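The following pair of complexes shares a single chain, chain A, combined with chain B in the former and chain C in the latter.
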Partner chain A sequence: MDLLLQQLYNGVLIGSTYALVALGFTLVLGTLDLLNFAHGETIMFSAYAGLLALLASGGSLPLAMAIAVATGALLGTAVYLGSFRFVSKKYWTAPALSTVGIALILQTGATRLWGTEQRAVPDPLGDANLQLGPISVGLSHLVILGVTVVLMLGLHLLLKRTRLGKAMRAVAENHVTAALLGVPVERTIALTFLISGILAGAAGALTSLVYHTITPFIGLNILLKGMTGMVIGGLGNVYGAMFGGVLVGMLEVLAVGYLSSSYQDVLVFAALIAVLMFKPAGFFGIQVRDRA
Partner chain B sequence: MLSVFADSIIIGAGINILLALGLYFTLATGQFSVGHGGFMAIGAYTASILTVNFGWGLISAVLCGAVAASVIGVLIGLPVLRFSHLYLAMATFGFGEIVRAAFSVNDYAGGVGGLRGMQGTTAPLVLGFVTLAIVFSWLHARSRWGLACDAIRQDEDAASAMGIDVRLNKVLAFGVGAALTGIGGGLYAHHFFFIDPPTFGLQMSVAIILFVIFGGIETFWGAVLGAIVLSLLPDLFRFLKDWYLFMYGLLFVLLMIFRPQGVIDRRLLRALRARLSR
Partner chain C sequence: MTRFYAVALLALLPGVAAAQAQELKIGVIYTVDGAWGSYGKKGFQGVRAAAEDINARGGVNGMKLKLVEYDNRASPGELPNIVRQLATVDNVLAIIGPNTSGEAEIVFPIANQLKVPVLGTSVAKGGILTKNRPWAFRNVMPDDLNTGPVIAQVVKEKNIKKVAVIMDVKDPVSKYMGSFFWPGLFDKVGVQNLTKTDAVTFQSGDPSVAAQVSKLKSLNPDAVVLAASPGDAAKIAIEIRRQGMKQQLLGSGALVGDEFLKSGGNAVEGAITAAQFWRENPDPKAHAYLMALEKRTGEPPVLHDAYAYDAVLAMAEAVGKGGVTNKPQYLAMDRERIRDALDGIRVAGASGAWSLDPKTGEVERPMMKALISGGKWQLTPISTSSQ
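Entry: the complex of A and B
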């Protein structure tokens, strides 16, 4: 029982970073119907930038987070410019394929810049532990959970309480109508990419804190986990993505705990395919739009 | 008699043409797969297990692998192709990874160590399969089915209003594409003597996409030409070494900005035809 509790807690911890991944991914998908395959590599690249800042500053966590987030925002904007702004809207495959190209550029760039071997991420907060009943809570865990909750709340307020949020929702609903009503569509889209990049940057920093290591090859796996979380929650559904991400984290931890670590990915991706096939609207009951 | 070097270039390009045509059939109905490496893996593993463990002949084993890939393709496509293209893209993305992960944990298929001992792919054999595939694609392009696929690609709702069974045509095209990719996978395994799960990961799927997109998605000749050109590129651009994939990515991005329909489109083909007949 104690072991199960500890594992569920670890699942929530990992899952909250997946939730951030899913959020950034689903924002762009919901607004533009675009699968951003560069999202995972944006996360990886930001994580490296954060690690370098951490090492250079002698262990300043806030600085590392800030650099990671700034890198994410920069790359999010780069994806907008490279894969969307100047790409013809006539071919819907073009922007998605272009993000695949950016993913290749980022991954190869990272292996050239920082090598292919695994890098250890020092924990700037040390091994300080809190014992909450049977669950041991690290200090860095509190940072991870705290940052995740703040970002989720922030996104919620942004979408529901600000003009930009309203514009984003309007553009997601229908570009043409939004433009007719005076919403600056192109600027809103650019800002959506920027916010998605910020979430990716934060996810990168937190992921490296959770796992204590990074390699240039984590992007794809993280993207798939986030995508699974998003699909479970329903495409383009921000709140579903939060829930789905956490669920994926728990699924993964339970697979490692009770089956074997080699089945962890198989199980998560099987969940992705199963949900896509049998419950494509996800678990939040949103009608699947029959878009061509 | 051809030299060994020329032989291996022809075999490599031929296999890539089969892979590219496999994806072309899916793109021809306006759908999009990011997991064709998975179908290639199924074809490769099925054929390899049949030849190595059961002593089958190469041709029958490769065809059997094609059938296996096709069946899985239809099973995936049937439920997912009802929805928008986003669902198929994500399902195939996940599918490619799950196939890779599944072969990694399966000890009978060699696990992470991979399978070895396959052999026998020859240039005439590959060219034979390529010729059949091209003839099939050519007939497809001129058939009612090809017209239906074209209509679906251009406007699904209009096609449906004309009485075309959109879903059936999409699933059929997806199944045929998976079969061709499976053939490519089987021949690939018996050309390189060795396969392991990472061979068929996302990079392979992306390479296949680039073959088709580079050539152009409007006619199957685009897929054929894209596969040939990009098969020769590695030899021409060997000086890029470790930056090769970087340039590949850059090529992707620039291509999407300046020529999203690919290098060969129908206008170019028409212009060529006009010039030739003049």
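Entry: the complex of A and C
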């Protein structure tokens, strides 16, 4: 029982980072129907930027977070410019394919800049642990979970309580109608990419703390897990992304804990297939509509 | 005037061709990518340094060494073509490499089939030469011959009664170590292996190992054995300490080097492995080589550049001793001469004095216990009588 509780906690911790990944991914998908394949590499690149800041500052976590988030925002904007703003919308695959190109550039750039070896990410809060009954909780975990919850709440408030959130939801519903109603569509799309980048930056900093090490190759794995979480939760639904991300983390950890590491992807992707077969809109999904 | 230069150039061409023919071509296969990329990076540094040093001393029998290098980019699928290219197009006399035992299982049989001598410098899986003789050799001690005696002594000294092994099932060497070597060793020395029937596994590239470490913690072993690449082993060690486990960490010689030490930080303090490369070797010849290697690469030498350096020394020695003609028409015969010279060769190089067994192709060199203490590897030679 003690092991199960510890494993469930491990699942929530890893899942919360997947949820952040899924959130950033689903924002762009929900608004534009665009799969941003550069999202995983944006997270990886931001993680490296955060690590460099952490090392240069002698272990300042707030500075590392700020630099990672700024890098994510910058790259999110670059993805908007490089694969959406100036790419022909005549072919619906063109923007998505160009995000693949950006992903490859980021990964190759990272291998050239920082090499292919694993880089250790020192925990600025050290090995200090809180023992909550049978569960061992690291101090840095509290920061990770706290920041994740704050970001999720912030996104919820942004979408529900602000003009930008309303504009984003309007654009997600229908670009043309939103434009006719006076919504600045292009600016809203740019800001959506920016916010998605900010979430990617935060996810980069937090995942590197959870994983203890980073390599230039973590992006694809994170992206796949985030995408799976998003689909399980419901395409384009931010609450679904939160739920789906945490569920993926739980499934992964339980597979490792009670089966074998070889089954973790099997279990996660079997769950994905099951959801697509029996609940194709995901747990929080809505009826799919044709766009105008 | 133009005609003069053209005529002069034509007159010089045979000389250029002759000079090229005098180069002793040695193939090198490593990769700087992937989980074991640090081995290849150091391997390339080592072979280049040795070739430059030998050429600066006038080469071998008046002929310069030329390395024909290939990086297989951590892709095993590229290896068959690379070996064939080296053997039949580049026409090298011998091959040094590759990075890992998994890759050697591809390279060695092809080299053996094509009758090209091949010398591995960081391929430590037990039994790998058996099927690939007489053309395959290695100057790294296999884990079963090196790690076994050292760890057997350590578990006795530390009174370790029960252990848990965590292994990378995606990496062939780690999987071999975790599935066969470690269980066999612990059976032999009477230590209870808590993961014998319910293995704790991960896959290189897995971002988090928290779930695996929680499982290890629940078993409450006296020691945790890391069957993983240095980077992954460091990551596991960090998570082990983060979850409050204080157990002794054990590993094979594959962990010795800067990557495990630096990435692991405080978490790997006290870890014990076997070792066969001694950076602080007091032998004056080895010390001089290591100093020169450090000066050239700008980094303290590790096993992989020192063994790669010594592999080139061994090839040069074999070329000289074997009476290699280096004439294209005698390539097959030259390769045979190098093979015969490598059998039983004795080398005093950057990694100290070592020799190759003429029957098995395996290396013979001293064994050591490696302990991380004060952020440094501390090596102690062990006597073979304690095995």
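In the analysis below, the second predicted complex is superposed on the first by the 286 of 292 C-alpha atoms of A that agree within 3 Å, B and C clash if a C-alpha of one lies under 4 Å from a C-alpha of the other, contacts with A are read in each partner's own complex, and residues count from 1 in each chain.
Convention: contacts are C-beta pairs under 8 Å (C-beta built on N, C-alpha and C of every residue); 3 or more make two chains touch, one makes a residue touch a chain.
Quick caveat, the model's predicted, so the values are computed rather than measured.
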**Combined model on chain A where chain B meets chain C, clash or fit** = fit
**Prompt:** Now for A:Thr148: first (chain B), second (chain C), both, or neither, which partner does it touch?
**Reply:** neither
**Prompt:** Of the two partner chains, chain B (first) and chain C (second), which one does A:Ile218 touch, if any: first, second, both, or neither?
**Reply:** second
**Message:** Quick check for you: in the superposed arrangement, does A:Arg119 touch first (chain B), second (chain C), both or neither?
**Reply:** second
**Prompt:** Should A:Phe86 be classified as contacting the first partner (chain B), the second (chain C), both, or neither?
**Reply:** first
**Message:** On the A-aligned overlay, A:Phe278 touches which partner chain: chain B = first, chain C = second, or both, or neither?
**Reply:** first
**Prompt:** Looking at the overlay, what does A:Ile105 touch: chain B (first), chain C (second), both, or neither?
**Reply:** first
**Request:** Check whether chain B or chain C contacts more residues of chain A in the superposed model.
**Result:** B
**Request:** Examine A:Ser262 and indicate which partner it touches, taking first as chain B and second as chain C; both and neither are also allowed.
**Result:** both
**Message:** Can you report the vertex angle at chain A, computed from the C-alpha centres of the three chains with chain B and chain C as the arms, to the nearest 10 degrees?
**Reply:** 70
**Prompt:** A:Leu235 contacts which: chain B (first), chain C (second), both, neither?
**Reply:** first
**Complete:** With chain A overlaid, the minimum CA to CA distance between chain B and chain C in angstrom is 5
**Complete:** chain A residues contacting chain B in one complex and chain C in the other 111, 262
**Complex contact set, residues of chain A against chain C** = 2-3, 6-7, 10-11, 13-14, 111, 115-120, 122-123, 127, 129, 131, 136, 138, 207, 210-213, 215, 217-218, 221-222, 252-254, 256-257, 260-262, 264
**Prompt:** Where on chain B is chain A touching in the complex?
**Reply:** 27, 30, 32, 34, 76, 79-80, 83-87, 89-91, 93-95, 97-98, 101-102, 104-105, 155-157, 202, 206, 209, 213, 217, 242-243, 245-246, 248-253, 256-257, 260-261
**Asked** Any idea which chain C residues touch chain A in the complex?
**Response** 32-35, 37-38, 169, 199, 201-203, 205-208, 210-212, 214-215, 217-218, 231-232, 234-235, 238-239, 241-244, 259, 262-267
**Complete:** So, in the complex, the side of chain A touching chain B is made of residues 29, 33, 35, 37, 82-83, 86-88, 90-98, 100-105, 107-109, 111-112, 220, 224, 227-228, 231, 235, 262-263, 265-266, 269-270, 272-273, 276-278, 280, 288-292
